[in-house]
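One chain, subunit A, links the two complexes that follow: it is found with subunit B in the first and with subunit C in the second.
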Partner chain A sequence: MDSVIEVRHLTKRYKDVLALDDVGFDIQRDTIYGFLGRNGAGKTTAMSILTAQNLPTSGQVRVFGEDPYENAGVLSRMCFVRESQKYPDDATPRHALASARLFFPRWDQDLADDLVEEFQLPLKRTIKKLSRGQLSAVGVIIGLASRAEITFFDEPYLGLDAVARQIFYDRLLTDYAEHPRTVLLSSHLIDEVSNLIERVLVIDAGRIIMDESTEDARAGATNVVGDAAAVERALHGREVIHRESLGRVTSVTFLGRLDDGERAALAADGLDLAPVSLQQLIVRLTQQRTAGRDAFAPASQEGSLR
Partner chain B sequence: MTTLESGSVTRPAAVRNRTRNVVRLQFVNTQTFVWVPALVLAGAWVLTMLIYWMLHSAGISEVKTGGGSQAPLWYFLVVGIQAMTLTFPFSQALSLTRREFYLGSLAAAAVSGLGMSLLFTLLGLIEQATDGYGMNGYFAYLGWVWEAGPLAAGLTYFVLTMLFFIIGFWSATIYKRYGTAMLTIVLIGIGLALVGLVALVTWQQAWPEVGRWIVDTGSLGLTLWAILVSALLAAGSYLTLRRMPA
Partner chain C sequence: MIDDGKPLFVQIAEQVEDSIVDGSLAEETQAPSTTELAAFHRINPATAAKGVNMLVDKGVLYKRRGIGMFVAAGARDLLLTERRRAFALRYVQPLLVEARRIGLGPDDVANLIRAGAEPATP
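And now, the complex of A and B:
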């Protein structure tokens, strides 16, 4: 495995909050990651430390084999687009993009110009007068056009409408195909990005709870649709993530992998197998953990998750 | 941890350019670094001239001097504060190291300060040549500052702009990193130290010696001391910034 980032025993403690709790993971080269988790789970903290914008309390971070802290050689190969990025007061998008061009060695001006047009970004308006969506577009354009070997997008789409988000996903994929690189995309719109991401890294309460390929993650749960009684028989006491019923037809998503024999048996029973929503799966996983931590069982929430 | 290669695109020249490019990054705020200081200087000059002209036309022909030319120096506190607060977060988004950002910001201040010092020196030379605009009024050509010549006067002005810039920058860094309470405590601490110094000199009844030392050292000598103080403050400012989260 060819990893560009290695994290070992990473802990970050703010005054009374443990933001990262002995975290360890590797990030593979030229892969798009979904870095998922609830607000306050530690995503931004982790990305800040990886880009040396913040410092760990303890533990080790290696990027391209080196400590990124005050390391211009390593930092110049990374780009971190924050959701709440601050810009100089007098700056316009034109200034911001011109500045980014100065510092990112693989910057592509044509791509930047293209994106400005697609996002209809007013170049000469000062940044403090931009709408939330336009502000996000500035960050997205910097992140894409910098073509950094590792690019971090921390919820880059705040205020972007559905069309603009689609432009972002499309351009990211096209450009990634031509110029492979490592991308960590933190997002709450899990289903929207689930076709984009190759691996999922889920963090919850400062701990990594999932680190696998999107395909494997999805295979970890199954959705069956069919006659209610047949569906109940198929469950075998497996844990249900989601249940919906309409008349005699029930749709149930449950945790656990199925082998080919089981699949054949279900099909013979007249049940349909459908793909599972990654979002449902991750919501359920993080909720289970929350329930365990807070010692209350959200049994009544079954079916309320979409 | 053996699968990693070390930084393949690390180019020392490119890294040096990054520091230089921080100057360009800072000058995005042209208003902060160029126009407002120039405006303060021009404004102070115009006001001073009007007053001199008034006095002159009232028949007062003695030498007239004023402190107006120090006005832009104070503004460099603001320049230092803004260089830190406005641009540091963005510098981090551009994957700059704190060292690159700091050295580049000092260089940007130096460019701005040099421009101001040049204007100050030019005004002084004009005043010297025209006997204070023909009305014996001096804005920049202040005897004590100029006693070692125009170069020394320019140097004094430049060092003071940098000193003010560094104080502003450091204050902003302490404020951003530790908050208002800490900045207030530090300022009170400095105030106490200064009062302590004054008390010491007073108890030792050493004011005449201090006065003599200041006169003997002259403005050039004091400027050299100011360089030392600036360097110490600059180092402290860097140490505060070095582990500052974005």
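And now, the complex of A and C:
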């Protein structure tokens, strides 16, 4: 599979904060990625560097085989929809869409018009006066209608209600099916996007901790619930990433697959097996790492991925 | 339907199989395309394609060049045989596990099944 982005030993340091710590990954062509991680994990920094809106401290970035920095030929093939996109004070959505049309060679005006109608976006109001959801709609419309070969959506849904988010997901899927392209979707709503994304890239504290197909990620963990002693017997040697107890009942999430024989044996032992959602898995992996880092700190878990 | 522990592409394939088993998708008729399945289930097209390919490999669907996917002749019998074989493991075993847990023996279970299969008297 050929890659459109190659990142090697990428490090970004802001004064005393290490935002990206020797990161390496490839992004495959025509694939929808979930780019996931907690706030401050380094997602926006990474996307800014890939789109040449920020410079790395060290390391190498290649987009379509070239350095993206001040490289118009590469930049016009990428669209970065930022969560906090700034527009000129007197700009309206009409202005924003018109300049996007000039910038992106594969822009589809019909699609943009359709989406304006679907999101009920007021074209003539100044962007300053739009609601948070309407502002997000401007970004989503530009991101979809640009048909850029690589599109980054950095938490594009802020202020969008459930109906509008569903419009975004549906339009993304149908347009992707007709015009395959590479999409990096950064989101905290992991369960909402887990069926849309083909691969998951998880970043935690400036490091990549997961880079695999969504399906492998899901299949890689299982939750088992039942009598504490029976659960412990079933686990032997597996890597436990989460454990909860209530009286004699224990619930354990562990990494690794079970074959049909093992499943049947556990069921016969009175244990219940449940799949682990992508969101649970990622929350637990990132919590586990946080706990490992702060082994001597108070055990407070400040918020989860949600 | 999403998330009963099986990979998503298997669940997609099983839904197509259900339609073939219950006869709503007849042999030698056109099956839903990858794009249709992806849009309907709101899933990544690559996942839908994987489900369709699984059915092609099994001989349930076949491709007519330039037209699309079709249900193979004999697909229904193939699926019925497969499902009957899996019936004991998927349904009877869990049933017996729960029966044992609440103190019912195999005969009690058999009686309950017979009673349940009788037409309800109004």
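FYI, the second predicted complex is superposed on the first by the 251 of 306 C-alpha atoms of A that agree within 3 Å, B and C clash if a C-alpha of one lies under 4 Å from a C-alpha of the other, contacts with A are read in each partner's own complex, and residues count from 1 in each chain.
As a working rule, a residue touches a chain if its C-beta (ideal position, glycine included) is under 8 Å from a C-beta of that chain, and two chains touch if they have at least 3 such contacts.
Keep in mind the model is a prediction, meaning the values are calculated, not measured.
Looking at the superposition, the partner that touches the larger set of subunit A residues, subunit B or subunit C, turns out to be B. Once the two complexes are laid over each other on the shared chain, residue contacts for A:Val81 go to subunit B alone; subunit C is not touched.
Touch criterion met: A:Tyr169 reaches subunit C, while subunit B stays clear of it.
Subunit C makes touch with subunit A in their complex at residues 2-5, 7-9, 35, 38-39, 41-47, 89, 93-94, 97, 101. Within the complex, the subunit A residues that touch subunit C are 31-32, 169-170, 173-174, 176-177, 195-198, 214-215, 218-219, 260, 264, 267-268, 270, 273-275, 277.
Contacts from subunit A toward subunit B in the complex involve residues 1-4, 6, 48, 51-55, 62, 64-66, 70-82, 85-91, 95-96, 99-100, 102-105, 139, 142, 148. Taken in their complex, subunit B has these residues touching subunit A: 1, 3-10, 14-15, 18, 21, 24-25, 28-32, 82, 86-87, 89-90, 92-100, 242-243, 245-246.
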